[in-house]
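There are two complexes below, and they share subunit A, which is joined by subunit B in the first and by subunit C in the second.
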Partner chain A sequence: MSAPLDLVDATLREATPLLLATLGGVLSERSGVINLGLESYLLAGAFGAAAGTLFTGSLVLGAAIGLAAALVVALLHALVCTRTRADHVVAGVALNLLIDAATIAALVSIYHTKGASPPLGDALMERLAAAKILGHAPITWLALGAVPLVAWTLARTKPGLRLRAVGENPACAESLGVSAVRVRVLAVLAAGLLTGLGGVYLALDVGSFSKHMAGGRGYLALACVVIGKWRPWTAAGAALGFALLTALANQLQVVTHVPDEIPRMLPYVVTLVVLSGIVGRARPPAALGEPLGG
Partner chain B sequence: MSGLEVRGVTKTFGQTHALEDVSFRVARGEIVGLIGENGAGKTTLLRIVSGFLRPDAGDVLVDGSAVRLRGPRDAASVGVGMVHQHFLLIPELTVAENVVLGREPGRGALFDRGAAAREVRACAARFGLDVDPTARVGDLGVAAQQRVELLKVLVRGARYLLLDEPTGLLPPMAVRDLFALVRRLASEGCGVVLVTHRLREVFAVCGRATVLRRGRVSGERDVAASDEAGLAHLMIGDDLASPPATGRGGPCGAPLLRVASLTVAGRGGRAAVDAASLTVHAGEIVGLAGVAGSGQRELLEALSGVRSAVAGTVALCGVSLLPMDVAARRAAGIAYVPEDRLHDGLVSALTVSENLVLGAAPDRGFASRGWLVRERVHREGEQAVAAHDVRPADADAPCASLSGGNQQKVLLARELRSRPKVLLAAEPARGLDLLATAAVHARLRDLADAGGGVLFAGTDLPELLDVCDRVLVMFAGGIAGEVRPGRDAEERIGLLMTGGGPRP
Partner chain C sequence: MEMGDSGRRRARVIVLVLAAVLLGVAMVRGPGEVATPAAGHHRVAVVLSVGGLGDRSFNDMAHAGLMDAQREFGVVVAYGEPAAMSEDERYLDFYAEQGFDLVFAVGFFMASSLERVAARHPDTRFAIIDAVVDAPNVASLVFREHEGSYLVGALAARKSKSGIVGIVKGLDVPLLMRFEHGYRQGFDAERAHLGLPPGTVLSMVAGSFADPVRGKELTRVLTQQGVDVVFQAAGQTGNGVIAGAKEAGIFAIGVDANQNHERPGTVLTSMVKRVDVALREACRALVEGRFEPGVHAFGVADGGVGWALDEYNRPLVSAADEARLREIERRIASGALKVEALPAGDAE
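Then we have the complex of A and B:
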């Protein structure tokens, strides 16, 4: 394979979980829930997929178990952020720490190791390779297809309109009979589904679960949401851009020995620049982080 | 029996009786004024009838049958709609999206934007309302935003409209349009409840008036058979000894504050204040009128030092203010009562005493070597609470626990304590009841009588004309003209503030 094709391939592999988490972040934040818990959805999805596949011997069942695990975590997160007056940022960070520790505890209790689950095995990996469409995993294509789907849902559907309304002014939505709690819970569950799928990809791509597997992608996704000014297309563009950068950095590192921490800092530098208002004005949803009721 | 009726409604919040055994009705085709002071219970009553609140006792009846309203949606389904004083709108969404939210047209989960725009356009045309369904609500002016609020109610087929202080923020022209719409709705068989504390509006459109005082109905009158004095007496009882004097012809001394060609940058490269010039003399109260957003706020902020000016000169007794920061200007004799007293004027979580010493000059002895002298701070609070009749008389209460009128008393106490040469006051009486308003006006007059100057920005024209010696009118950032109290003064101001008058 030629070098440019290698780069495209590496970019899409980096981009798949990041894109999915970014889109999840857009949905959640546009409904008014600050989502720092994306990292925990990725971890739950990855662990669920690895353990589920090892347990059932089926990739499809494993992926379903991964999604279910991410949804359970997202439901917990959604209830904390809508039914209590908890601070969204603190709730998200606490959830990340909790799920990170929980996956390690599960590794110890199930596989008697602190580092990583056993590999899926050659038979399953061959089936994964056979499932590729045009050289990429089905989840990668789902991630790319999810970008227009999320954009269209927000702009052209009733749930999308209600989601935007609740993110801007929950009291107004409530006065017209739209339940803000319901909308926010559903938005966070949708974020759990999308991001959980990203987690499933992480585990299946490597062929096992290892601790801290999300590797900060949840935070990076949130940075993409901000850089993309809470809009699906631009946020997805930011995610693709950073995936390309990571892929480039990995390849350059082999040749030039530039430490990869340098390019990895870039997304956060860009985020700070965007938030500082130097490049255009980033206006978050008006009711972002605002607790409901009372 | 057709009509919207409330029978024996009682509502308490904690210890406070917001409403006690209130009965009220409006028939189809009738316009009823619901009047009373702030805190009399008007808004609470409206919120009960429109389903936002549930009464502790009593019934709401629509066309003769009792209804249970568990939310605003229930109220809408029986034909009751409310237009809120502080609009419940989403600035980021379009007009059509705001109007149809909760009952969007389209098959299944699809939102049909075209159908929504058509529906809104048809309803707007039917009632003669001028709106563009595809405009972003945040880009609209106050009057247009109110039309969107009205459309939200009309599209849902409301037969009873509850309007909560609908004229508060409107320019005079828009008030006329609103009243025309209200009359038209009534003639088509709608029942309209108009909540207001401006009696002349009751006489302008209402057939009947119900007066609330301290949560009880203090009277019900046919408007044609009553006069302002009678209704005012029902509103305030015997609390207010004498009506406020009209007009002010105080002596006018040497110039205190001179502003020349002051320009302040606004959003999008536009000047918020455009080469404004004005003078405030000793002993003078100068009004500053204008449609909200004409630059009054920016002008006052630039004078107080909160906002920086681009060009022009500002001099207080001959000393240029522009190079000074806020603290230096305060020391020089500028005091400022900002429009949003809770956000910009007071720190609501701090106590009355603490708020009173914020920004005080260092030589006042509230602090010693960086440590607060609590006793001294407390004494300052006690004195101010007594001198300005703050209720409850507790200097250690957090400002958030006070009513709006008492918060304003605390703010004025702080700003007047240093005996300023010029007081800049933005809407100092907004949202206050008659007694608190009278107290605020008295403080402004006291300062002017003592030889100070006041620049008083407001939107209530009769109030400005009553309190001020002359009124400057702002339009699009500039001073469009000056009006002195007298015959047709309101009309002349109205013309100037909408850009209709001759430029000076």
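Then we have the complex of A and C:
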């Protein structure tokens, strides 16, 4: 295997959960819901996939259970952010804490441990390996395919137009007969589906769930949304860029011992730079974080 | 917006309620309930490291040692799991104030907290695992991880075909440097003993003890460099190292607890660190009235550290491998072989 090809492969693996969460973040935020809860969707998806696969013995059913778990969390999040006047940032952070603790509580009640689920058996891991397409998990290809799909939906379809309208001016959208609550709930559910799939990837990649395993990827995805200025292509580009950087840093670490903290903090530095307006103008959706019915 | 004011008030109320709920949860999760002491029984408390139970290594072993002590010596036990390092001191204080006879601090992160707590409670006995606290009422239980790591490094040298082996550490800290340095010495010495040219030890830091996905990715990078045996000292991140080794068809070496059973055929051995034994023996000393402050080091000689051989990895270890490792064990135990803890010039 050649080094450049290794780097591409590593980038795609790093990018998979990040891309999905980033696209989820774009959809949610463009509808006006600030989404700090991506981390909790990842955790729910990962836990559901691991527990579901262990329980049913089927990878497909396990993945479906992971997605369902993430959707439930997203629904809760969507209701809090649309039906109440809760601050979106607080709601997202609270949800992350809640789900982090809930997955540990579930580990204790199901597996009697606070750390990690039992690993999937060798037969399941072999089936996962056999399901790879061109050396990558099917979810990786779905993540890549989701980029144009989300971009197209947002830019060219009626639901996409409505979503953006609610994100910019919910009162105006309402006056045209669009239910802002409904649009935002659906947008957050879509975010739950995409990000949950990223969580499924995390659990199936290592073949078990372990606590805190989202590892801040949800926050990193939110940084990508901001750096990408809330646009799907650029946000996905940011996610791929950081995945490439991480992959590069991993390869460099073997040979040079570059402190790994430097590539790890870079996304947040770039986010601050973008937010400060030094590079171009970062304009969030006008009604981002605005409660409805005001 | 006309409703703006009342809306903001409502939002504020919700935020307050959420904050209150979270605070309430945090308070409830404070130091746990304390069993009423039966007359004449010694009372022992353990403050676990951040990360808590379920790590399948460090904290779980400390807990196992405490349960052993409860069963064998009839001590009354309690344990606490601080949610953050900043709470360590409060937990230690709590158990001391509750009149426990012996309070354990599990993990080197607690050293500075314990220094202060031990000074405030001169009549309480304390013990710390993995660090040295110099106080008249503190026993410091430390391990010669470098000795156990030397052994697994030697086995890695015997099993590696490529002559390139790896180690994945959770964080770049002196404690884990002892694992790496011992591993390197064992690997190098065994290559020389076998008449092989010098090999290579590649080292990586994950930056987290809780990210198995990252552990697996780093293992892939090591595999691409030709590594065919990888030692993990990385907590839950290490689960990913073992999964990555399995996928790549290379060997992994477990750490702290015996992890041989996790992926039989992949886990070559485990560098076991008997935190449970150290804790239980300190309790035994307490009930027998011979608890001694000061530094107690556990190494290969007393079985405090070592390599694990059981039915899960038996097929991977030949009779010659085993005989050779037993020989190295004897030489370390007798003092004939001295394993360096840290590279010369590296202060602890």
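We take it that the second predicted complex is superposed on the first by the 294 of 294 C-alpha atoms of A that agree within 3 Å, B and C clash if a C-alpha of one lies under 4 Å from a C-alpha of the other, contacts with A are read in each partner's own complex, and residues count from 1 in each chain.
Keep this in mind: contacts are C-beta pairs under 8 Å (C-beta built on N, C-alpha and C of every residue); 3 or more make two chains touch, one makes a residue touch a chain.
Please read these numbers as outputs of a predicted model, since none were measured by experiment.
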{"item": "Room on subunit A for both subunit B and subunit C (clash or fit)", "value": "fit"}
{"item": "Geometry of the superposed three-chain model: angle at subunit A (Cα centres of subunit B and subunit C, steps of 10 degrees)", "value": "130"}
{"item": "First (subunit B), second (subunit C), both or neither touched by A:Ala129", "value": "second"}
{"item": "Partner chain(s) touched by A:Ala286 [first = subunit B, second = subunit C, both, neither]", "value": "first"}
{"item": "Partner chain(s) touched by A:Ala249 [first = subunit B, second = subunit C, both, neither]", "value": "neither"}
{"item": "Which of subunit B and subunit C A:Cys172 touches, first, second, both or neither", "value": "first"}
{"item": "Subunit B versus subunit C as contact partner of A:Val206, first or second or both or neither", "value": "second"}
{"item": "More subunit A residues in contact [subunit B versus subunit C]", "value": "C"}
{"item": "Which superposed partner A:Pro159 touches (first subunit B, second subunit C, both, neither)", "value": "first"}
{"item": "Touching partner for A:Arg13 - first (subunit B), second (subunit C), both, neither", "value": "second"}
{"item": "Partner chain(s) touched by A:Leu38 [first = subunit B, second = subunit C, both, neither]", "value": "neither"}
{"item": "Minimum Cα separation, subunit C to subunit B, after superposition on A (Å)", "value": "9"}
{"item": "On subunit A, the residue positions that both subunit B and subunit C contact, one per complex", "value": "none"}
{"item": "Of all residues in subunit A, those that touch subunit C in their complex", "value": "1, 6, 10, 13-14, 17, 84-87, 90-91, 94, 97, 101, 104, 107-108, 113-116, 119, 122, 125, 129, 202, 205-208, 210-213, 215, 250-251, 253-254, 260-261, 264, 291, 293-294"}
{"item": "Residues of subunit A touching subunit B in the complex", "value": "156-162, 164-165, 168-169, 171-178, 285-286"}
{"item": "List of subunit B residues in touch with subunit A within their complex", "value": "52, 71-73, 76, 88-93, 97, 101-104, 106, 109-111, 113, 152"}
{"item": "Of subunit C, residues touching subunit A in the complex", "value": "1, 3-4, 7-8, 10-11, 14-15, 18, 22, 25, 52-56, 60, 202, 204-205, 207-208, 210-218, 220-222, 224-225, 236, 239-240, 243, 246-247, 262-263"}
